[in-house]
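Labels run A, B, C and D following the written order; every chain starts at residue 1.
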Amino acid sequence: MKRIGAFLKSFFLVDMVRGLAVTLRHYFSRKVTVPYPEKVQEPAPRFRGLPRLHRDETGEPLCIACKLCQKSCGTNCFDIEGRKAEGAKLMRPVKFDWKLERCSFCGFCVEVCPTSAIRFSPEFRLTGVRREGLLFHLDDMYLQGEALQEHLCGGCRRQG
Amino acid sequence: MTPFVADVLIPVGKIVAVILYPMVMVVVMIWLERRVVALMQGRLGPNRVGFQGVLQPVADAVKLFFKEDIIQRQADRLLFNISPLLVMASSLLAFCFVPLGEPIRIGTYTLTLWIAESPVGLLIVLGLSSISVFGVIFGGWASNSKYPLMGALRSVVQVLSYEIPTGLTVLTVAFLARSMDLVEIVRRQESSGVWYGFLMPVSFIVFWISAVAETNRAPFDLPEAESELVAGYHTEYSGMKFAYFYMAEYAHMVLVSSLVVILFFGGWLPPFPGVRALDFLDVVPGFVWYLVKIMFFLYLYVWMRATFPRYRFDSLIRLVWKWLIPLAFVNFLVVALVRYLR
Amino acid sequence: MAFNEIELNMGPQHPSTHGVLRLKLAVDNEVVVRVEPVLGYLHRGMEKLWESLTYVQVVPLTDRLDYLASLSNNLAYVLTVEKLAGIEVPRRARYIRIVLAELQRLASHLAWAGFMANDIGAMSVLLYGFEAREEILDLFEAYCGARLTVHGIRIGGVVQDLDAALVSRIRTVLSRIPKRLADIRALLDENRIWKERTVGIGPITAADAIDLGLTGPALRASGVAWDMRKDVPYSSYDEIDFEVPLGRNGDCYDRYLVRLEEICQSIRIVGQALDGLPEGEHMAKVPRALRIPPAEAYHAIEAPKGVLGFTIRSNGTDKPERVKMRSPSFVNLQSLEHMCVGCLFPDVVGILGSLDIVLGEIDK
Amino acid sequence: MPETGAERPELLQALAALSGRVPAGLLEGAVEDGELRVRLGNEALIPALRLLKDEHGFSFFEDMAVFDNLGQAGEGGRRFTVVYRLYMFPGARRARLAVDVGEEESLPSAVPVYRAADWAEREAFDMFGVRFDGHPGLRRIYMPDDFEGHPLRKDFPLAGRTGGV
């Protein structure tokens, strides 16, 4: 009896029709793709985007040029020089070169920074056209949003 | 209706229409394919170029138009250039015999919605559609490289072996309608009040499977899908020549769908001609019904492509010689017997 | 090269999405006579690089080995280092590791299902598989911020703790997978074309499989009941109850079924791990500049592709003396020739898909 | 979690059988951490592998690692130590066989015993230059065939040589 059942099933293409039914159901079901430029999917709060330096409320840079991040970075992206202005208690970075092209977003620098001066930002648009755009100097490390995009690819972005 | 208009203007107009009609259908088909497959897979598909991506095919065509047209140095230039035209011409030529709707009476003159009507229209259409096989062979051989040659030979074997079941099932229809004239077949279905597709479902299914195989589509797209290993016959082509092959394939699909509609689903007849209650549907012109049915079959083409995995070459040939041809024979005998007894 | 043999080149830029693998095929009119994989196109010299990094800095690099299962690579390396240094991992961290490793297995198998089906023509399965996989990657993003190279398991524990919101979100994502799996099974399991292309294709007997070093789902499809999580339990897998799916005749179809069954098992495992999540620390106290006295340790885990093992030798400094990786895809690819010889030309793609190899792990 | 040194009867038998079969070649042997650890001379390698595979159930060739002892004195004074790891299936026991080989010397290939050793030996040759006699096709597996030098050796510069391929 099973054999006849199997023959009938195969003759009337039951397995094919079942497949067609699945694709038809997906034809009418909700689509998953997000139309990117119009609608942007917000990254999660812990998202490891582009690392940025931060300042405290008074505008003083948090970074004390302790070079812990430089030591802990596996792909040595950092090149930091610190100097203590006379009368000041803490050192401040004078030179802070950071190469985005070498960064693997492993997060060691963020974990090891004593004053949490460097933190991940939700910025995921990292594309640039000029190689210099991928090298960040001290003041570039504070750029956010459009100014950051400006730096990354030097005005190549289509307006609007 | 001056003779000039009747003898020159209208035929020229019809010829231009017959050439434009497949072109438009090809453009619609390209968009439909990319859109429907995308929607079936949970994605949006092209929706940037023009409204909902309608201009996407135009963008593709323009891109192909400006692409560099490379001809292999050792290629046989004559055959290399002819084969895309051959494939394209045979598909377009076959459209002349495809009746699109009831003849329209304008004053004394009756405008027939087809170019030519001949008592053996069915045979001619089948014959023309297999001429494109020459284009495939010449194209594959002329590009003088081993991948296209293997791809061409494979698709030729596939097309030829699937012509037998097509021929047989088409015979059953001609048998029932007692004529090979496409217009006559539709009229016969109208007078007998039932479509042949419902009368002979086996014929319809066998015809549809072999038609899909003949156009190298869906589960049988061996030569083209094998482009990973054995590139299809149009590997060496680029630019407009490749566009011809590409359009010819879609035109061939539209041709086959219209054949299915005419033979099995009563060309331009409104659904269920026999049922008197549905007569109010007659107000819609025949041409529209014809288009609706064709769109359904084109949709079915794409639907199958999105669903089924690909047959391996030997199982494909085994399928036709072991299953489809015997089935077509048995079906033909049954129809003949029924026809004789009645 | 016999008279009517032709040499065909498949890859290295090959559409079957396995990375940069090149196969030199000798074909005697459609029948495959010889298959010779040519490797090295994605060789980044990982093992040389590891010798100049500290133990902690090596972890993000292990993400890039099997880039479809980065957490499993982390887990394998980290367990070996903990075994070498004798670090005790808190029980909560071990459970979170089980959750992460099994979620990664789900993501890897769902991606594999898409790739294999797409190679044999069923293009929609790729999108259904990826739809389910995206939700898992979103979980990883919510958990520790990255989706593909996750780097979520560290020496001594895991990078973040699992809070209640994340646990309930994991459960909802898991509850949606069976439905998608049913779609894939409806499309493929009984489909005659799929069976035509996979049943009896590329068979390998249990004895040959063991002799050739095949591991993972591909080995279990030949009926060999060997799963590292059961045979040499690690990270408290022995406290979790799950079955090990087995195949019978080790062909492409069985490899396909075994992996789909493993997806169901992984869902069960994550469910149990979440139910029994113990209290406690999610990270042990590990000095950042970890120095390990000279010793050597080997530890292997059941990665989605097979047995993934690390041999680490330390020399007292904070940098490993030598790190050798036993990559499952590398060893599994050795049996490709055994499976392909004698089969037909288009099946090589199907068999390669059923082996589920990743080139990042092969070329190191 | 390293198993404690609990007694492993089957490993002890294997060790005893080994010292019986290849007394000269067996330099060191012990069962520690639930693992059979043996150091062999290179001529005792193949008999030991065959013995463990056929009579003691070590059916699976799990891994082969090569260590460059350029800096410190190698276990046998020679430059390279080749470690074979076998796995007993079913039974989940492991065996570690270490063999020392100098730069110019070569080892008998394990492929006749375990076919899985084929690529492992090719990788060892490519990365360290250890030659294996009797290997079906010993050639480089990752680096291009005309590449000179062996990258994983300690004296090979980390940044590689410019002008390579």
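Note that in this section a contact is a pair of C-beta atoms (placed from the backbone, for glycine too) under 8 Å apart; a residue touches a chain by one contact, two chains touch by 3 or more.
Source: prediction; values computed, not measured.
*Asks:* Identify the chain whose mean C-alpha position lies nearest to the mean of all protein C-alpha atoms shown.
*Replies:* C
*Asks:* Relative to chain A, which chain's C-alpha centre is the most remote?
*Replies:* The most remote chain is B.
*Asks:* Where the centres are mean C-alpha positions, what is the separation of chain A from chain D, in Å?
*Replies:* One centre to the other, that is 43 Å.
*Asks:* Once you find the CA centre of chain C and the CA centre of chain D, what distance in Å lies between them?
*Replies:* So the centre of chain C lies 25 Å away from the centre of chain D.
*Asks:* Mind checking the centre-to-centre distance between chain B and chain D? Centres are C-alpha means, answer in whole Å.
*Replies:* Centre separation, chain B to chain D: 64 Å.
*Asks:* Chain D: which residues touch two or more other chains?
*Replies:* none
*Asks:* Which chain B residues touch at least two other chains?
*Replies:* Residue numbers touching two or more other chains: 40-43, 306-308.
*Asks:* Could you check chain C for residues that touch two or more other chains and list them?
*Replies:* Residues 124, 128, 131, 187, 191 of chain C touch two or more partner chains.
*Asks:* Every pair of chains that touch: which are they?
*Replies:* Here the touching pairs of chains are A-B, A-C, B-C, C-D.
*Asks:* Per the contact definition, I'd like the list of chain D residues that touch chain C in the complex.
*Replies:* 1-2, 59-63, 65-68, 71-72, 83, 85, 89-90, 92, 94, 96, 114-116, 118-120, 127, 140-144, 151-152, 156, 158, 160
*Asks:* Could you list, by residue number, the parts of chain A that touch chain C in their complex?
*Replies:* Interface residues on chain A, with respect to chain C: 10, 15-16, 18-19, 21-23, 26, 32, 43-48, 72, 74, 104-108, 112, 120.
*Asks:* Spell out the part of chain B that touches chain A in their complex, as residue ranges.
*Replies:* So the residues of chain B touching chain A come out as 36, 39-44, 47, 303-304, 306-308.
*Asks:* Mind listing the chain C positions that touch chain D in their complex?
*Replies:* Residue positions touching the partner: 39-40, 43, 45, 47-49, 51-52, 83, 86, 210-213, 224-226, 231-232, 234, 296, 298, 300, 307, 309, 311, 313, 315, 321-322, 324, 326, 330-331, 333-334, 363-364.
*Asks:* Can you name the residues of chain B that touch chain C in the complex?
*Replies:* The touching residues are 37, 40-43, 146, 219, 221-222, 225-230, 305-315.
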